[in-house]
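Labels run A, B, C and D following the written order; every chain starts at residue 1.
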Amino acid sequence: MTTVASATSAVSTTEIMIGAIAEMLAGLSHIAVGASSPIPGSAALLTRARSGGRTRVSVLGSRENNPFTDGGRELFDCAGQGRIDAFFLSGGQIDGGANINLVGVGDVGDYPRAEARFPGSFGSSYLYFVVPRVILFREEHTPRTLVEEVDFVSAPGTSPPEVYRPGGPHALVTSLCVFSFDRNRARFTLQSVHPGVTAAAVRAATAFDYDASAEVPQTPRLDAEGLALLRSTVAREVAETYPDFARRHWGV
Amino acid sequence: MTTVASATSAVSTTEIMIGAIAEMLAGLSHIAVGASSPIPGSAALLTRARSGGRTRVSVLGSRENNPFTDGGRELFDCAGQGRIDAFFLSGGQIDGGANINLVGVGDVGDYPRAEARFPGSFGSSYLYFVVPRVILFREEHTPRTLVEEVDFVSAPGTSPPEVYRPGGPHALVTSLCVFSFDRNRARFTLQSVHPGVTAAAVRAATAFDYDASAEVPQTPRLDAEGLALLRSTVAREVAETYPDFARRHWGV
Amino acid sequence: MPAQTTEILDLETLASRIPNGARIALPPDYSGCAMAAVRALMRRPVRDLHIIAVPAGGMQVDMLIGAGSVARVEAAAVTMGENGLAPRFTAALKSGEIEMWDATCPAIQAGLQAAEKGIPFMPLRGIIGSDLLRVRPDWKVIDNPLAEDGRRDPIVILPAITPDVTLFHALKADRYGNVWIGVRRELMLMAHASRQALVTVEQIEDVNFLEDPVLAAGTIPGLYITAIAEAKNGAWPIELSGAYPADRTAQADYVKAARTADGFAQWAAEVVHDRVPA
Amino acid sequence: MPAQTTEILDLETLASRIPNGARIALPPDYSGCAMAAVRALMRRPVRDLHIIAVPAGGMQVDMLIGAGSVARVEAAAVTMGENGLAPRFTAALKSGEIEMWDATCPAIQAGLQAAEKGIPFMPLRGIIGSDLLRVRPDWKVIDNPLAEDGRRDPIVILPAITPDVTLFHALKADRYGNVWIGVRRELMLMAHASRQALVTVEQIEDVNFLEDPVLAAGTIPGLYITAIAEAKNGAWPIELSGAYPADRTAQADYVKAARTADGFAQWAAEVVHDRVPA
């Protein structure tokens, strides 16, 4: 697609995901986004655009939206100070306890050899503990990615009470649905399914067990105003950091 | 004095002290100097001038000679990295074990009340441990300053073997003499007396016990070349950081 | 569209944001002292401050003690530098009217770094055998848990220092609350470590320092700055690097006057309560 | 008269200063990679490097693995970013030919900060319950010795990371060895923490950066820099902020070629051994 998406074009799954994440961010003061996270990044920039300047967004690897001046450690220090309200993590595998694996597939006893090696844990083993609202996202929703138990815990979903942990998982957003996470019960609940997706389809694509009510609502779409904002102002801001992504989705 | 001291003027006690310290610094790579230390500062700058660019001098509070760009902690970090070969400490009291007191006079049990309060320990409690060659200096040489036992240990002269301590006291320079310090024996030895001073006068002015040979040599003066350098190039460099001192001593 | 979360206030309002009893971090005399704001605090007067000098205090600490605004000083030293001992500090310790937490420079910096990193403590070499350990029960010696071969390796650990507020003066800020400090990185450390940072500046510019890669390198992002206020000559009579030198006469006058409580009171009546340089 | 202790070398001589077996710290792809120097190392080829990626590795790490120069990688991740998995890294971990020390970004930064401060360890929050603790026996969980009221407060402590050498590329140095890095402070941390720092730059200027207070704020003093060498386009095909963007075609070509050992060898024959951009 090389022309700007009009406000009346069909809402894409990507835009559904962006809308679902943006809803979780409303009212927060400071949202940080990792380097290769265009969907959360778009949601964060949309949230900022709707906040009237009250929401700060820090995008790693961005020139325009990276406010840090103290080197690579500043994001982590800033989170440790409690100054970051939300962050986003993904995983090669995510399990029903919200444990995430960014290291590899295979028996951890064989480490470092792996059947499949992922890049590595990045900052997850730390940020998952100190950022109050961590939103997991993973576009690929299959039994291969949403597993019963991760092969390697880069960062655990929950911790014993004596462990200092002001932060942790809030929700999981995939291309099919939104799960909320209950930290006390260490368990996901199916919150909503995206348009055209059934609860049964989610169940079939998910290798871990989770709770779901009999009637699962549909993930709300962005309203017309939000969608127009996303496709215009926000799309141009997204393009600064994620040019390929912005071109592909909104032709900017 | 408002004219430049000529190379033939009488050598002052200050210049004797500068010369004695400079001798201890020859060949070192990096000498750091505290903010209010003009005598050691002059000795360090003289050492640099004679090194042909091989000796680095970092003077706190100097614009020209302070190479640090990472804030107040950099001097201490730099010393912790082992990158500083020599530093200078003084003390409201110094005792025969090279313990120094920068806090106050009075029973430590009454702390924080003090009969006389000094400014405080500054970085001494740390730098005394990590800088290999710490040179103590104190112009006032009286039983009031060179005491049998300090009232408050800002930094101890020696430590038990299990304590990490690559650094420590090397010598003590006063307006009367030079003491060397033996870290294994935790004891000073009278190394030399300044011109016009007798070993007996030093003994009378010192409240702590120390070793001395029967014949104590005189503290060597700077040679003519060194003195000329000190009174010209170095004096002008000293003036950048210690303007009053340079004006008083060399009229620059 | 950068976020706009730093408030732009006038000097008196900025000073009013520091509550009685605050744990307040103040920079050393060479690093940008918010002297105009300190005078505003004395006029109020603020009470029961716990001052954290980073790492040593000078004229501003002595003035606040003289004004009766200080309950406690945590510092590696308090001194008037070439002007000698800090008179009100020295008198207060003789009379016992303030609490003193003696420290050593790198211990204060390490404590702030611990707060900056969100860790509860930081180890530091040295100090063992110093009486500082006697008078600082919050400092502790442990055996290095990573020492090789069961070798004993005692090391001091220091608790994080998280000031309620940091107060300093700088050359300039921009309208987004970004503050340019150049090489004075201790100010950045203080802002990172503190819950709030209040900053006075010579001027607020209508630009964004972070858009200039050369300026950005010496800038504290507005993210850490609670509020800014313009204060021309805001560091007087302390020097402000790049702007003006110390007013050594005014400093010497202070030291002379403040030798006695009466002398201090007279000095304050004149300099703090009336003759406020614009 | 500043001291002149930083050597000014040519590129090949600078690369020759890195011995086999060195523990070498390398910056991330956004921070100035000394790619020309890395190609010089591959031509030699250097052997048995222990790479410390600060905190994640990219093309330079993958290339060195492909060249057989690497014994061990210590990193929070190794990735080609938008170009996907790092092919030689992934293959090496499948075959087991390199040792891997998985980490997390702030752990590597904390380890370097410990070395910067001359302390043997640094505590860090998080990590507990991660399998990183299983595969990193050098990391340890202790009870926070300063926890209140005997409350249990487990916390991870990490040993200091002291690289033998840091290697990176920057826009410019001056003739005293001062290197301007702007906001890329991880490079300063690396230089502080390492025994030696070798730096290539686009150009060496006949000035003193430390005399300019605005430039000084973004400068690593020559004190920490062992040697510098000029290397025009020294970061190619990685971007150098303020100078040139990434050559995305060259990067994509690499990822495609390096999928197999043969493909890598062919790529290296062409790009590393012959076509050295001036």
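Everything below uses one rule, namely that a contact is a pair of C-beta atoms (placed from the backbone, for glycine too) under 8 Å apart; a residue touches a chain by one contact, two chains touch by 3 or more.
Model, not experiment: these values are computed from the prediction.
Under the contact definition, chain A and chain D share the contacting chains C. Chain pairs A-C and B-C differ in how many C-beta pairs they share in contact, with the greater number at B-C. Rounded to whole angstrom, the centroid-to-centroid distance between chain C and chain D, based on C-alpha atoms, equals 35 Å. The distance from the centre of chain B to the centre of chain D, each centre being the mean of the chain's C-alpha atoms, comes to 40 Å.
A separation of 29 Å divides the Cα centre of chain B from that of chain C. In chain C, the residues that touch at least two other chains are 110, 113, 117-119, 124-125, 153, 155, 183, 188, 216-217.
Residue positions 68-70, 76-77, 80, 130 of chain A are each in touch with at least two other chains. Listed by label, the pairs of touching chains are A-C, A-D, B-C, B-D, C-D. If you check the complex, the residues on chain C that touch chain B are 28, 30-31, 54-56, 75-79, 81-82, 85-86, 89-90, 93-96, 98-100, 102-107, 109-110, 113, 124-132, 134-135, 151-155, 183-189.
By the touch criterion stated above, chain A contacts chain C in their complex at residues 29-30, 48-49, 51, 53-58, 67-70, 76-83, 130, 237. Chain C contributes residues 1-5, 115-119, 188, 192-193, 210, 216-217, 219-224 to its touches with chain A in the complex.
Partner chain D is touched in their complex by these residues of chain A: 35-36, 61, 68-74, 76-77, 80, 102-104, 108, 111-115, 117-130, 152-156, 159, 162-164, 244. Only residues 110, 113, 117-125, 138, 140, 142, 144-147, 153, 155, 157, 159, 181-183, 213-218, 241-242 of chain C touch chain D when the two sit together in their complex.
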